[in-house]
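We just call them A, B and C in the order they show up, numbering each chain from 1.
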Amino acid sequence: MSARDAILARLGPVRDPAVLAAEAAALLAGEERERPAGGEDLVARFLAQLGQPSVAATHARIGSLAELPGAVSGYLAAEGAEPALWLPPDARVAGLDWSGLTRLADCPIDDGAVLAFARAGVAETGSLVFETSPEAPMLPNFLALRHIVVLEVAGLVRWLEDAAPGGAVPRAHYWVTGVSGTTDIEGTYVRGAHGPRFLHVVLVG
Amino acid sequence: MTIAPSSRVALFVTCLVDAMRPRVGFAALRALADAGCEVVVPEAQTCCGQPALNSGDRATATDFARRNVAMLESYEAIVVPSGSCAGTIRCHYPELLADDPQWAARAEAVAAKTWEILAWLDARGWRPEGVALEARATYHDSCSGLRELGIKAQPRRLLGAVDGLDLVPLAGEETCCGFGGTFCVKYPAISNAIADEKAAAVEATGAGLLLAGDLGCLMNMAGKLHRRGSDVRAFHTIEVLAGMADGPAIGEAQ
Amino acid sequence: MSRAFDARVDAALADRQLKIAVERTAGTAEAKRGVAIGAWPSFGAARERAAAIKDHVIANLGAYLVQFEAAATASGATVHWAQTADEACSIVVEICRKAGAKSVARSKSMLGEEIGLPHALEAAGIGRVETDLAEHIIQLAGERPSHIIWPAMHKTREQVSELFHARHREPHVEESIVAMAASARRQLRGEMLGADVGISGANFLIADSGQVCTVTNEGNAELSLVPPRVHIVTAGIEKLVPSMDHAVHLLRLLARSATGAALTQYTTFYAGPKRAGDHDGPEEMHIVLVDNGRSAMRDDGLAEMLRCIRCGACMNHCVVFRQIGGHAYGGTYPGPMGSVLTPALDGLAANRDLPNACTMNGKCQEVCPVAIPLPTLLRGWREKSWREGLEPVTLRSGLGLWAWAARRPWLYRAGVRWAIRAMRLAGRGWIAKLPFAGGWTGGRDFPAPAAESFMDRYRKGER
């Protein structure tokens, strides 16, 4: 008998999946009423969450994507960082004027800045929502020292339940809620344990 | 609560009070009489069975449950000067006897009318009258009373009516004192360390009196405080409410 | 009390440094959780719902496992099943061998610890890189985790500094925690990116989509699981939830209960290996579903324990844990949840102290985000221990004698009179030394009883 057979035999008869699904769904009925306060204005709540100590993200707001390169240059200059960054193979990047910045051919392994487009943002927690795709590699978002994330205001949702994409399940779906951090040594908080030490959100619209 | 003013209640005095500090039992009688109760002290009482229950000896604990249910069920109410003992009767007797068709309902009935004394007095709207105690006191919430019976505000309301008594908050008032019944004799070193922290917190309040609703906790905390050379004196809350805090504190010759 | 437990407890209580570390970690976590939960009025209702969700899954575990397996397989992952810890380790080692792996990168997994995976990899000659900072520290120190969220909480900065100076290629120069963390970042980066296999646990397994959810705050998980050719997940079968929305409900409770944050920094849902067009991701994804006693726990009265979402709140609030720290428990899991699990995983006879070394104060149950009745489960172990005759003879006979007397009121009264007289021989007020009660009077004074018991005085007419 395989381990699978033995375990399933031990766990007993399997009930009708449709019945189970209905029971599972019923267990969430009324759940919205129990969520911690979500705040009124989506943008205000989102920005307030970005400012939480455990999130520690900075932000800027621009009217349109055309202003993005300028906003990035400005951010890097203000931080005293090199005017260089890695850009994802996203169509939106192509149409913009990056002449003020050095475009890195390869994603830096440690130092350096990386740009990414978040598909959505969650106001409840200040989370940025990503999925993998040919236009959106995953690794650069964790390798960079500085993570610069572009988010359209229209992509803001209130609750985590609204974060998942509809349709087919992506290879990886992930939420970034602030800078990498650890309290593993004597409980002292340190930023940039392995992931990015800096997170800058550029809100568009 | 819909108990008539002149109710006939049974006092379940508890084995610790009986053997170690009878004053608590007499204070209970005094307060209950003042509250208009006719009090009976069932002769056959010994112990609620908690030591057996917490040691895993379920058979003995269940036997004690049956005996005590039979002894107590004829009274309108059972009042207990201990949160852990009241909790044993109220919460654990029904669970111990749930599968016994002859006893399950009887256990439920007794559980429903068993009360920790401070909760009982507060629910009846009784307040000590003409009881004065010029002192600064701090209060420890014993775990069973707090978490099994919801005893929190009641003792503070009752003590609020004692003239001259200044109640100051205890940091970590809901943190276990380390008594834990059989725990303090089975794992004395750990119990001792926990009690040390509790005593330090009590001393830090600047209060001269330590009050609580469970004698085991009080003996543990007072014993630790005295060993540390502290001046803090400990009483069971019911002693204060009955105007008997002018007598010997815990550990002083009775 | 077993000699081994005794010795560990004594060592822990004597360790001043440990106490400082425990207060700094668990004490801070208690305070932060308090703020987060204090700001959540519906916490009580939310945790009742979470308990109901987990109970539903556990009651229908077979169905959800089958559903998960189908969905995960459809996404391209390979699902394996392991009844025992050894089986699980063998499967992992075999996958590593087939992949020609010389080194594996591990992100933190208590389940991996439970099944003995570090040892199995070592025995198979496979290099292991622990990428979670705390796990890295204890790997260097050759120790086991002492907390499920902060495995290296027992280490001081000096101890960490010494380890890093000895073992890092480019250790920190400045003696600061920031510099030490940077040293670890440097040391582990290349190893993470160069590993052949990445091994993780799972916080949740999403049944309807086959997704594996990991929750971390360092970013080491993603860096160890995305670059390698092979990603192996080892997960306890109880980690299932029906859907993403159910997971979200539990995630809200998890982070707040563990650290007081609304959410941890990285919440990632993986569904299978790299797809056509992806720039990164593993070529193979394996999920090892591990039973290791869980189905037995479910049938043996421990179903509620399987609700556990590994937040650590119970231990952070436990007065016993706060004095003795995690290693004293002697098993993979410490604190209240460890005291329930360890007898199930490693046997009751060797671990009967754990459910007994508890004051039954109930704080653990009060803070548990899935309302596990921990004191009840601990009492259950005490009852089993009693039935199996594992309790010490002195306790059994002492309790037996007391119970025999207490059933006979007249005899009991006589016994009480005798005991009072005996105690009063040692003193009339505070007693500093009471024979046969050295456990008490070793550390505290004992208040002498009055000359007569309440029942005797009452019978004589005193009111």
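By definition in this document, a residue touches a chain if its C-beta (ideal position, glycine included) is under 8 Å from a C-beta of that chain, and two chains touch if they have at least 3 such contacts.
The structure displayed is predicted, hence computed values, not measured ones.
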{"item": "Central chain of the complex, centres being mean CA coordinates", "value": "C"}
{"item": "Most widely separated chain from chain B, with each centre as the mean of CA atoms", "value": "A"}
{"item": "Top chain pair, ranked by number of contacting C-beta pairs", "value": "A-C"}
{"item": "Distance between the centres, which are taken as Cα means, of chain C and chain A, whole angstrom", "value": "29"}
{"item": "Distance between chain centroids, defined by C-alpha means - chain A, chain B (Å)", "value": "53"}
{"item": "Centroid distance [mean C-alpha coordinates] between chain C and chain B, Å", "value": "33"}
{"item": "Chain C, residues touching no fewer than two other chains", "value": "none"}
{"item": "In the complex, chain B residues that touch chain C", "value": "13, 15, 17-23, 25-26, 29-30, 41, 43-47, 51-58, 60, 63-64, 67, 143-144, 147-148, 174-176, 178-181, 183-196, 219-220, 222-224, 226-227, 250-254"}
{"item": "Chain C contact footprint on chain A (complex, rising order)", "value": "2-4, 6-8, 10-15, 17, 20-21, 23-24, 27-28, 31, 33-37, 49, 52, 54, 89, 109-110, 124-127, 132-134, 137-139, 141-143, 159-161, 164, 169-188, 190, 192-196"}
{"item": "Of chain C, residues touching chain B in the complex", "value": "1, 9-10, 13, 319-320, 322-324, 356-363, 365-366, 379, 381-387, 391, 395, 399, 402-403, 406-407, 409, 412, 416, 419-420, 428-430, 432, 437-440, 442-455, 457-459, 462-463"}
{"item": "Chain C to chain A touching residues, read off their complex", "value": "21, 24-25, 28, 39-40, 42, 45-46, 49, 52-53, 56, 60-67, 75, 81-83, 87, 131-134, 137, 150-153, 155-157, 160, 177-178, 180-182, 184-186, 188-189, 192-193, 208-211, 217-220, 222-223, 226-227, 237, 242-246, 248-249, 251-252, 259, 261-275, 277-281, 289, 291, 295-296, 298-299"}
